[in-house]
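Going in written order, the chains are labelled A, B, C and D, and every chain counts its residues from 1.
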Amino acid sequence: MLLITMKKKAMVKQISAVIKYLENHSLTPHITRSNNSMLIGIVQDTDSLLIAELGDLPGVESVGVVKKAFKLASRDFKNDKTIVTVRGVEIGGDEIVVIAGPCAVESREQLLETAYRVRDGGARFLRGGAYKPRSSPYSFQGLGEKGLDLLAEAREKTNLGIVTEVVSPAQIDIVARTADILQVGARNMQNFALLDALGKMRKPVLLKRGMMSTIEELLMSAEYLLASGNDQVILCERGIRTFEKYTRNTLDFAIVPLVHRLSHLPIILDPSHAAGDRELVPPLAASALAAGADGLIIEVHIDPDNALCDGLQSLRAEEFSTLMHHFRKIARAMGRDIFEASDDLS
Amino acid sequence: MLLITMKKKAMVKQISAVIKYLENHSLTPHITRSNNSMLIGIVQDTDSLLIAELGDLPGVESVGVVKKAFKLASRDFKNDKTIVTVRGVEIGGDEIVVIAGPCAVESREQLLETAYRVRDGGARFLRGGAYKPRSSPYSFQGLGEKGLDLLAEAREKTNLGIVTEVVSPAQIDIVARTADILQVGARNMQNFALLDALGKMRKPVLLKRGMMSTIEELLMSAEYLLASGNDQVILCERGIRTFEKYTRNTLDFAIVPLVHRLSHLPIILDPSHAAGDRELVPPLAASALAAGADGLIIEVHIDPDNALCDGLQSLRAEEFSTLMHHFRKIARAMGRDIFEASDDLS
Amino acid sequence: MLLITMKKKAMVKQISAVIKYLENHSLTPHITRSNNSMLIGIVQDTDSLLIAELGDLPGVESVGVVKKAFKLASRDFKNDKTIVTVRGVEIGGDEIVVIAGPCAVESREQLLETAYRVRDGGARFLRGGAYKPRSSPYSFQGLGEKGLDLLAEAREKTNLGIVTEVVSPAQIDIVARTADILQVGARNMQNFALLDALGKMRKPVLLKRGMMSTIEELLMSAEYLLASGNDQVILCERGIRTFEKYTRNTLDFAIVPLVHRLSHLPIILDPSHAAGDRELVPPLAASALAAGADGLIIEVHIDPDNALCDGLQSLRAEEFSTLMHHFRKIARAMGRDIFEASDDLS
Amino acid sequence: MLLITMKKKAMVKQISAVIKYLENHSLTPHITRSNNSMLIGIVQDTDSLLIAELGDLPGVESVGVVKKAFKLASRDFKNDKTIVTVRGVEIGGDEIVVIAGPCAVESREQLLETAYRVRDGGARFLRGGAYKPRSSPYSFQGLGEKGLDLLAEAREKTNLGIVTEVVSPAQIDIVARTADILQVGARNMQNFALLDALGKMRKPVLLKRGMMSTIEELLMSAEYLLASGNDQVILCERGIRTFEKYTRNTLDFAIVPLVHRLSHLPIILDPSHAAGDRELVPPLAASALAAGADGLIIEVHIDPDNALCDGLQSLRAEEFSTLMHHFRKIARAMGRDIFEASDDLS
């Protein structure tokens, strides 16, 4: 990637001239700001002649080359942390944002009751799958459109934002009509046709790490979204596959400081899927906070024993508020905070 | 799965009556033959009353329940090995079928020259990617439709069948117009929207094991294809991710006897992607034959040093024929054979 | 394992009679207390006749069988958490105990200066290898006996307890003369000859999880120590081998709640070896506290850039106190605490 | 490592002078031959002055530096393959050598009957554990010295060489009295105290790869043996730990061509432990031959259903000869051979 840093005092018309120059050469400028400077990134191939010419344009401070596999996702391109603002809630800021809800939308009662509970506990977003990618074709595949309607109703009643999964390009339109954040599941992290299509949307994307993908590959999948023009990307760790058998997957907590070092994108953790065991969720969620995660995504169900999927790992709705008190204490010890619903809400 | 075994002497009208009974109950019959008996599988949920009624229908020998995660893909449903016949070549029979060609279609000259070479060496199919799923959005993504046209031309000139990858449901139609076998790449093994769409086609599918997927998950992805109605499925091992660093991935040879025990589907091996190193391909390919694989898929390039992808692991075209002689010896020691191009062809 | 629970009001002479009965049958009693009851465990094979006879002895409440792979290490045998008390410091109690120091003892100055620094920061124990197991025979193998002498001097000067590694049965005597806690390294977790010999000692053992070992295997290695008679065992997680490349190993935080559920033994975490990168140590250490770990083991060096081993992952001595302030806040949010050195000490 | 290549026509007294020069500088010469030249390796640290002086000594052709982590084990030090000759049988030569026998020595009858059977099938060595490293302290730990006596008797009766495991330095003397080849098990691959002690012996060592050790680490453990003076080292792959669940471990066949490229040491494969399943052993053993392995180690038992360890993966003694016929065919297709017992032996 070519990285053009403009002088702090560069005039608007100088900036425009650089952009026009790039467009005349069929190059797409990706623009960001860092430390009061304007930065312009070019991910297409360029030659050294062009680099020299760019360096000579008025208002240009320097022209550099970024060698990393991920470019627009890197700290080199954008040093300030990206904050994804959804319905007034900032993801990637000081607040640690909690997304909670059932694995799958199963029924109106199940979804609404869970939604009220997690809202009262301090969650900001409701999660729930309407389309479920399942290893077996015979497992429950989600309620589909009916599930999306129930999510929309839950948002209306609780004011929680909606996070739900999209599993194919053809579905994006219908899911995006309801979802505030579109989730790409672990199995689709390298479904590049899906990433390309989501990159052309203007809604935030929650990108889950594949269970056997490296952190670098996750950042390269994020790069697909950014390169297509969507910079509202939230990364999510949900555990990687290892030889250990007591847990379903192993949460890789080092991803938190590593993403914060390498990239400007926010990173949240999903302890429920990794653990596959309700009792392990609270300590792992607390660990995520202490590692510096920007948020949590937690499965909560009103009746986990009868859940249609992932019941064993879902917290009981009545435990949620108590746990959030505990999480809030750790967040504060970290100098951050977790939202607390005021009494008149509940 | 419910498995209805008809009596060996069941009359056609008895069989028809059973199928009609199922359809009246909105159940889809999957039909196969084993040891001169007709077997009918039902993958939908059923109740015990229906099982009892089915057992009483004339011509029904027995009604059993298959508990495995994969059902239509299992030996329980179909004991005889599936043979996928493409352009007169049987995959899954006694012949060990070799698919060879470049990672990606790069140019007319590169493709045609490689095609002639691998045909002369004894390959039955030409591989070559027109659409390439790549970890980075900035890597070469394939020639697209132009690549498909070149593959069609190569088939016309060499009479080799064409194996090429499809990466999204929207692409299936155009790829299927050229491909004789549609490949699902490792990263898409759990792209269920793609599998569903391919299951509705009537062309053979080469399903690669995800580098992060268990053998059971591979068989469950095959089940998606079979449950949607496509029983022309060829499985392919291309290496799994481990901690070992000298190779890109570790080929799991135990998959060959395991698939032959658990399933009726043919299994072939791709040593090139696993090794990531040209010199390792011949011994790994030979091992695949000795393990009992039904075929090989091998990357071959006329100029590996200048390949646009995977050059390090591609065999040089001029080495191919010599290696095929070696492979043929091992195939024969196994009581099988590899095709040998007659002299008048080359 | 046979587990004999004595009545709460069992008299001493009844207990003695049971023990005598066992010894007459060549069975070794392992004795513990739980909820005011005396429990006697027998790990040798027994027959049903003996079980019946034991059940009839006066004072015996019940006789049960424990089927787990680990028995004396399990919560079934001992429900109350084991507290290992070393030089007045309790490991496994409310205090979170910090062990700090260099990877290897390199010189008198390096060791003493580090020792003073970590003591002032609140560490309770000094770590430092005198015998270093190294992958290469040509790497620095430690100062040996001279290193032990320096550790003894550091203890005398700082009053910190000493944790150091033992790598073979023949070394145990000499290491035990200096060490307060003998460490078994990850590569020796299944060196059963070493475990057997350490089981016969009366000094605490810090048993590190092998980078290739499951949690169950760790508990079974602990069982070797317990079965040989040494119940002063501290478990330690130092990361497992995965495919991720940005870190040396992946810390498996789920081990903390899992060990607390399955076993009575304390569990501490070593973020330094897992990370292999100094900057990752503080967030991973904080995560360990939030997960509920009973302690931390952290590498600290006065001059990491010139360390003879593991310099990249060692904290600088001058950063240590600041970090301990941060850790203390999280410990307190968890309702626990970390020792704070009083001013007159420093 | 410093590598001194002597001139092809170097005189004995010139060679002696070089060795004397090295010894005067407290350096240990490791001597080998390659392409009619004498090579002298020095693994200790040296300075550039000494390198210059060495280059000036009469008869010295060149002085080079080997940077690999493993030095004496590398092809740089010794280009010709090492052949380990034991009781007249060459391991690492053209013959593929088969070692067979039970996991553990259990009884006189079991061992002798198995020994006769595997000898008749064409095995050259009898394997059998007298000391068994087991994950659980309560599992069968082997017959110890009595087991060694039975192995000695089996050798006397069948003329097979004996391969048996040694688990601690203290045991080496007693095991070496019986064993023709001392085996280091996977769990002890990085037991450096054991490797050091074995390096000082003059008996061949079979070094098994740890189940989560890289190929480079295996070669570095071999380097411990070579650096201590024992160059009779046979490497053995027995499977690595992965996420796949149908098999116990995944055999990494790429190790065969990689070891042959990187090192001069022979490499054999153990399909029994990796598979953990009798039916998978024949195809995996055949694959090992096709990959170019120098030998096989196979578990065979007269009554696997009642074996004290690893019964599920042991071949039945009566199947062994039939399988060996199959293996022999593949060996011959590879241009190698497997020993065939003459009729008058059986």
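In the analysis below, contacts are C-beta pairs under 8 Å (C-beta built on N, C-alpha and C of every residue); 3 or more make two chains touch, one makes a residue touch a chain.
Just so it is clear, the structure is predicted and the values come from calculations on it, not from any experiment.
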Any chain that touches chain B and chain A: C, D
Taking each chain's centre as the mean of its CA atoms, which one is most distant from chain D? A
Per the C-alpha means, the centres of chain C and chain D lie apart by a whole-Å value of 35
For chain A and chain D, let me know how many angstrom lie between their CA-based centres, rounded off. 51
Rounded to the nearest Å, the gap separating the Cα centres of chain A and chain C is 38
Chain D residues counted as touching two or more neighbouring chains: 212, 241-243
Write out the stretch or stretches of chain B touching chain A in their complex. 43, 69-71, 133-138, 167-171, 187-188, 190-194, 210-212, 217, 220-221, 223-224, 227-228, 241
Would you mind writing out the residues of chain A in touch with chain D in their complex? 212, 241-243
Quick check on the complex: what are the chain D residues that touch chain B? 212, 214-216, 240, 242-247, 250-254, 256-258, 261, 274-275, 279-280, 283-284, 286-292, 329-330, 332-334
